[in-house]
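What follows is a set of structures for review.
Next come two complexes, and both contain subunit A; in the first it sits with subunit B, in the second with subunit C.
Here is the complex of A and B:
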């Protein structure tokens, strides 16, 4: 489960935000941008916002005070917020390495191809954002959450066409070479193959398709690529929980995909246990019958029979 | 011995096979030969060869003359485009005229079928057979992107425009028993064919085609025959609706298929003056235009084609731009009705889409001859393509407002809770009928007949139409279902908002009309108003309790399905005779009127007595029709059991039949006559706004907020057609 990382709002913030949410909670609040015809969604789900990492913030903390008056000036529409406005300075947020993320982001194929049109918010909805991989205990949930971000656009043909001018090729078709495609999609994230590994929490350098991982062994090996990405935080957590030695030994022996299955693990233990038990019984019985035979021999010898 | 036995056995098996084969062939043959007569005997419907005297052969010379007439306007436009450069007006005219008479200029223009017919040597239109010579099958594009071909005749014969009903799931209608119509169990035929309704006042069998004797003032006492009946808007030209199609087997006879009127939907030069009732040796039926001229003008259906019939319920017969009304018939002219079902014309003057040249089929995108109605609907009208969405959003997206940069966001925000129609239909035509009294007809000296009395016609908000929550579903008697998203239980329209006429101006109007038409005392009028102001006053306390329980158990769960929005709905109620033996908490079986008796004598009860002697009505009160249809029909209606006690006693008097208003107002969807500029904030967000927030089940706090929005002052105050402040009781 995802751990809640936010505190409840203080009453004054809640009251101030309620003023905004009177309109902004309407699910269809938005407009079509005259410049590109794209829909700009201005709707904020109160429940989702409160559960998000930003949920304790007052709306005007990020959106300027100019938005406190109504009607909002049409000029404000042109103002684009950037995550770094807040996240660069705050010491508490250093561990998230935003400057590094920015560098990766700028080197990503999205920004290289689409330029300024492509902002953080194309993928991350700041009103619903939750850190996930870092705190999630269930890898499958992280996969679902992260892949949904990519599919917002790549599962939406008109969106891709509008942004890039090129039609979105069928995801099934271009991934047809990948054995057990569906299984991969349920268990690894798009970005695990489509980014270059990095030191930031989650790599933001999305690679052009030619540079995506196509080599099975990169992941399916003892030193799997996934230990630096998808399993990075899990490995770290397990290390702190189980002790360094234990976790390292177990981790290094993993081949992703072979022993990640809980039932397979249990089964192998059962088989192992049964084998040991079988040997023990066999040895025990041998010993027992050997002893018996020796005793009988002794008896016969004593009675003088041949 | 054994050999003999085996030979005997062989003979016996052989004999059995032979007998079975003979039985099968015989059965099939007798079904072929005897089914149709047996069906006609049972239902009382008649079939026969259908001929139309409009189907006339022309000479090649006449053909060319018609072709020139049909293409004149188009050639004129082209010629004028070519001579536009000429400065002198007279020279321009002379040259245009020369071009108009130039042979090459008049060939291969305009309607494509002129050339097809010329090439094929077709000089007479004989009905569907002529069309099918080339169009035996047609390509069809389905919504899912696939395409295929269908047999044209089968496609038409099984479309709702021909069958008037559907015996399948796909109704957005829920019975008062909480069951979605035909969604489970054995499906029954449901649609206009068997849906009793107070607007036409008759059933399709009893009111298909009638000739009525009138004595209009203009004829100075002489009798003028008038045409009336459901068949005027049906594409079949038979003596009855496609009754055969109500059974799961069998088909309409060949003659009925030959009577299909392809041209009323496809011919641009279709002459509505040919639509009138004719009588032949078999009975009464509707004539149609089968002239070659009409056939030569064939195209895909245009708005004109659809509106030949549908303007009747949109704008109404008396709407000035209803072109069909201006062509009521060369013989036995059709009776035109004053009150319109919806009062919202689809016309360039009234509707922004019509003005923009948008065609009906642009939104109602057909698949072959199947035409979608949209997924939402309150009434019991069958839908060819029930899953195909017809919605504003299909074109306008869910962020339709783009013009006003100050308001667009807020307006788009409303889309989640408020339907487009709510703001963009501000009023209906004043001829929109709200209360139709069939029981007390009024004599019209002008028409020379008795006509039903519309005691209230109104196109005003709250009076003629009102706002309700709507999730796309309706009841068996056309009540919009939905709920306030707060789901507090405060919104219960079938106990409250749909059972009352609360508008003081509306009540006053009913009082005035009744006094004028019926010459009653004030006391009589007070009694008359009671069930109009509160339709539940017609129920006994036990019935009322039963109704309350049925709504809580069966209807509220349907109201809470999906997402509801606020929609405008036309209000309607009718006073008709009802079979009180078949009464439930939501109403009783409506009984039809015989049109000639009604119009000629004005004795409404006598008109019922005549109409219910129709064999189809009798069959409804008998086995097996009771089991085949009526029991299930009545369960939806909220009546436990269909009683087979025929409402006509042996002595010919009506048995347990009473005049009543429906126990709740019907609510009809409004989707046309869309205005470019919608309502403005203050039209609704004020204490006297068009929308009654209390009636929509909002809490007191929320009502206060909605009526006193601080933002409203930033926007202009009220919208253009003075949305008069609404006074409520």
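Here is the complex of A and C:
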């Protein structure tokens, strides 16, 4: 039994949720959908749920009180839940800009190609959802968390085939053009190249593959795209440190072209300039004295001196 | 005082030097493109810059190995070893020539011979460049080529960052060396004499009385 003191919910909610979890905590709870042959998982991990951002909510907050009766009616089961029902109205959630996210989501390649079949839940498990990019100080963990979301489908060939009717190409093969592919995958999210930058926290406008970023300097430059995406929230907190341009990125990773040391940069220009100036002065003096000597030699020669 | 012509640079040395110079220029050009990468049209395509930099770097490393091996096999490596007993005095003598004597038209303080082609300043500079900075740039370059082999953290700093900083600093030192090397090459008997010698192998200079010069080691 789960100890009540460890739960994020108030005792009444926890007790109500416990009724649902009596069945839904079973790891094997689910069925195979006769229509598409896919397995529908009805199991909810209590530990994962309690640790999630939704963990303090009562199950019936989203699933409506009608679900309190068992067996649940077929009509209820067919009802599609919509995240925006809560997320659009709640003032506390305004900063997440859900209306903007919805617009981006609707413009994304997933919705454009798959229509209503594609919902928020294809990527986000509401029973385990945890906000990451906005609060995490470890970018590598955000990368791991977010990339796992994409790989749920794109690392699962049957899922892609079923949804799109096309086989999933090898991720290694289609990203082979990217130097140090593994290093990129460990340090940037799929969405950093595969979405268009936006004003919402995390861009939800997944682009068609033809429009994904392939221009290295979009990230590998002083005005790195990563500052508007992966490092967006950290960039606001720590603009520059220890003389490094884009210290925010440098603190966790190294991006050639984007992370330069300001002082070393200035020093290198000064040293290079002084070297060139030194050479120019030396060459000028050589020319001057050589000319003077040649003139004196010529004068001596004219006067018949050796 | 007649013209004196001696064979200084064997074919292998000239080939190594030429290849090294070409690869070096390629590395500096592409290295600058990577360090100051931007979307500007003046910049080389980033991926092309990486590819050229990697190819030039690997080729230069192989060329360097050949240089070390041939230096050992032919005895040319001895040219880089300064006379330790009088190293400071010798270097000062040469420095004084570059700072004053060269303007007065004084003869070079150390006569160059096929057995001793470099003056003491050259010996020390070349020794440091060829046996410290270039190997350092090669080792850090290998680290950047295969970042998996790098230590992840060094006293809290990313190993990749440290490696790249070192690589960049070495590259910068080498580009300064290139500037000085090219300029000092013009201080031969004529401004183009040393360049011609490096192309033909034959070093040509005017004979000067031995008494005016420093003792040749």
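Rule of thumb we're sticking to: the second predicted complex is superposed on the first by the 231 of 306 C-alpha atoms of A that agree within 3 Å, B and C clash if a C-alpha of one lies under 4 Å from a C-alpha of the other, contacts with A are read in each partner's own complex, and residues count from 1 in each chain.
Here, contacts are C-beta pairs under 8 Å (C-beta built on N, C-alpha and C of every residue); 3 or more make two chains touch, one makes a residue touch a chain.
Quantities reported herein were computed from a predicted structural model and do not represent experimental measurements.
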First, second, both or neither for A:181, with subunit B first and subunit C second: neither
First (subunit B), second (subunit C), both or neither touched by A:23: first
Which of subunit B and subunit C A:31 touches, first, second, both or neither: first
Touched partner set for A:220, first subunit B, second subunit C, both or neither: second
Between subunit B and subunit C, more extensive residue contact with subunit A: C
Contacts of A:264 with subunit B and subunit C, given as first, second, both or neither: second
Which superposed partner A:42 touches (first subunit B, second subunit C, both, neither): first
Partner chain in contact with A:70 - subunit B first, subunit C second, else both or neither: first
Subunit B and subunit C contact sites that coincide on subunit A, given as residue numbers: none
Sites on subunit C touched by subunit A in the complex: 34-39, 43, 46-47, 50, 98, 102-105, 147-148, 158, 160-161, 164-165, 168-169, 172, 175-176, 179-180, 183, 186-187
Touching residues on subunit B, where the partner in the complex is subunit A: 397-399, 401-402, 405-410, 412-417, 710-711, 714
Subunit B partner contacts - residues on subunit A that touch it in the complex: 23, 26-32, 34, 39, 42-43, 70-71, 74
Interface residues, subunit A side, partner subunit C - complex: 177, 179-180, 182-183, 215-218, 220-223, 250, 253-254, 256-257, 259-261, 264, 268, 271-272, 275-276, 279, 282-283, 285-286, 289-290, 293
